[in-house]
Amino acid sequence: MILLTRKADFSAAHFYWNPAWSEEENVRVFGKCANRQGHGHNYTLEVTVAGEIDGVSGFVVDLKLLKEILEREVVSVYDHRHLNYEVPEFAEASGAVPTTENIAVAIWRRLEGKIPGARLHRVRVYEMPDLFADFYGEGA
Amino acid sequence: MILLTRKADFSAAHFYWNPAWSEEENVRVFGKCANRQGHGHNYTLEVTVAGEIDGVSGFVVDLKLLKEILEREVVSVYDHRHLNYEVPEFAEASGAVPTTENIAVAIWRRLEGKIPGARLHRVRVYEMPDLFADFYGEGA
Amino acid sequence: MILLTRKADFSAAHFYWNPAWSEEENVRVFGKCANRQGHGHNYTLEVTVAGEIDGVSGFVVDLKLLKEILEREVVSVYDHRHLNYEVPEFAEASGAVPTTENIAVAIWRRLEGKIPGARLHRVRVYEMPDLFADFYGEGA
Amino acid sequence: MILLTRKADFSAAHFYWNPAWSEEENVRVFGKCANRQGHGHNYTLEVTVAGEIDGVSGFVVDLKLLKEILEREVVSVYDHRHLNYEVPEFAEASGAVPTTENIAVAIWRRLEGKIPGARLHRVRVYEMPDLFADFYGEGA
Amino acid sequence: MILLTRKADFSAAHFYWNPAWSEEENVRVFGKCANRQGHGHNYTLEVTVAGEIDGVSGFVVDLKLLKEILEREVVSVYDHRHLNYEVPEFAEASGAVPTTENIAVAIWRRLEGKIPGARLHRVRVYEMPDLFADFYGEGA
Amino acid sequence: MILLTRKADFSAAHFYWNPAWSEEENVRVFGKCANRQGHGHNYTLEVTVAGEIDGVSGFVVDLKLLKEILEREVVSVYDHRHLNYEVPEFAEASGAVPTTENIAVAIWRRLEGKIPGARLHRVRVYEMPDLFADFYGEGA
């Protein structure tokens, strides 16, 4: 078994806000991230797949196909978007707060089962170079 | 003469929009940056000052003071903000489009004349690792 | 379960020396690191915690609190210090040689049990960009 | 147990080509990597070893020795070479396609059993900053 | 006046060889770069243009257009190519040795006069992260 | 004319202290850098030379020779050293405070006139990734 990781980038706006809390409570918990005008980040996504190396091609996964899947399932949905208003998993009434942790889980769910011939192993999301979350799937 | 450069970071949301144009024209010129929900970036700022080395301290500028000036004049105003709504030079009726070029000029104007004992030499702003603007002042 | 990693930096001096060995033996094993005047590094610390995402806040750990803990328990003790003279785990008679491996273990011991609501998962220490150690705890 | 990782770099040329396929099939699967003139990369290698910290030296592995082993077993063979013509595991009749995955496996086989006092844990190979493969050994 | 810089990447193979010299002389001057099988690099190109900021768009140059020009004039010609065999300025009988310096000059000549509304200011080429050349034009 | 830049690294200890000042004054000006046990950094040096490209070799300067000069004149003197005790320009009675600015000037003086066939154009020294000094020579 071998692991292959490909990175992708997206730039998005977000803020942290729990409508069930007062403004004071939101600011106490979320600090300056609670500014509802939003701020933003250059996110870096690392997607790791696991599998066996194909003896003929030398690939664990078709690289062009993997790039297309990341573009279609994640980048086209998140890039140049305001996560709190335009991305369903964070924008809907039942939406989660778009923390780095929740973004990693949401991207996992978008990618799981979509990569032919390999198993999704890890989703890593950097919000900034000094902060990132890793998700290995629901049962991990 | 020697040059000293210090970096600082801020995370902000923005979008590109000219109210005098139609939506079609805005999209034609600005592409996905014209999405008025906004998106965002981790901006990196490099401020370069020029001067003579003080023979006693070995400094061209007091580093702690320079850091405080960058924090007070720029980071506290731009960080975790939506540039189009919260930063005067881009938010007011006469505000400029918050392109990387205009952000570099605006930061120059915020810093010019504020650094004791040294001359502001260059303001560099990275919007992403692969795109940056340099401004050397009005007369340069 | 999800993993969240935050980085922190500290600049410190150190040298490698075993008082039970001759100078020749120290130089043979430690090379130029055996220079007892000391040299130094910009260390980068990555601390990874594991836990469940809080359904309300979206956090596995309070980020501001995590930053405060790293500052209080590690950075304030190690930064701008000479590890061999000023940091107890390396300075005392029973102190260890401040190798990257021993620094990772020492930081683990400083952080273990101090992070409310999450489990310390990994401590990674970079001495230079091309050399780092990972520690997952005593029983790992 | 602790993990220690050291990086090394090599610059090499390669191309992807399966002689059992037509030119069309090679281009369909390998895209522009199928150009048989070759192209090239600055590869980055990360070698991770696992072991116990020596209580006297503070090392899990002698760093100078590890560097020499990486130089002798890998860098001197791969650096400034055309992988498809000059490196046996890719050049011989039975050679594999020099994909990032196959390079990681080949480097594992070159290093396994060569590092005194520690166990080879992981070989990571970056072909570019946004693409890398991890191999943990045949039985992993 | 303001400067705007955009980066682009290409991966290529090359070697250094002067056909007027003996093999010994080539190896003496070019070292391991004289291996005629070729090796390769991930090159990074930084193109800087100078101009006035358009008061309406806030751009010194149309970013999408600049990206297209870099792709058409440079990346499509150099990427995944063997410079010594496939890129005319290095492959022809009168071709130059593809050193970092000569690549910077060649890219300048490919771009000069092609960027509407702005002046080409600098071409920087990184062969590796620790080696780069800057060219400011023939008369500079 | 073209510019060629090569990087080199050294790890060193230092502290800031003016013996003519009281301890209070040293701490007021230099902050935690005034700790006389010393701390340290991974310094990065960028040396830029200017010249004409040799029409035969394609080099502005012999790269192997440039690397040897940087090693002999700078790295062998600064690396794994305590600047305040072991490097003459900072250690002697008349020594300067080893600030980033003074280190850049000192390295310029060590290199000036030592690079055959090219002119020293700039010395850049990074003390940390977010702080660097540039020196262009005495008359610049």
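In order of appearance the chains are A, B, C, D, E and F, and numbering begins at 1 in each one.
Keep this in mind: a residue touches a chain if its C-beta (ideal position, glycine included) is under 8 Å from a C-beta of that chain, and two chains touch if they have at least 3 such contacts.
Model, not experiment: these values are computed from the prediction.
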Practice item. Using the contact definition stated above, find the chains touching both chain B and chain D. Key: A, E
Check your understanding: Is the contact between chain D and chain E built from the same residue numbers on each copy (over half shared) or from different ones (under half shared)?
Key -> same
Revision key, fill the gap. Between C-F and B-E, more contacting C-beta pairs sit at C-F
Practice item. Let me have the rounded angstrom distance from the C-alpha centre of chain B over to the C-alpha centre of chain C, please. Key: 35
Check your understanding: CA centre of chain B versus CA centre of chain F: separation in Å?
Key -> 29
Study note, to complete from the structure: Among chain E residues, those touching two or more other chains are 129
Review point. Who touches whom among the chains?
Key: A-B, A-C, A-D, B-E, B-F, C-D, C-F, D-E, E-F
Point to revise | chain D contact footprint on chain A (complex, rising order) | key: 1-8, 48, 53, 56-60, 62-64
Check your understanding: In their shared complex, at which residues does chain C touch chain F?
Key -> 9, 11-14, 32-33, 35, 37-42, 79-82, 85-86, 128-129
**Study point:** Residues of chain B touching chain E in the complex
**Key:** 16, 18, 20, 29-31, 96-102, 104-105, 129-136, 140
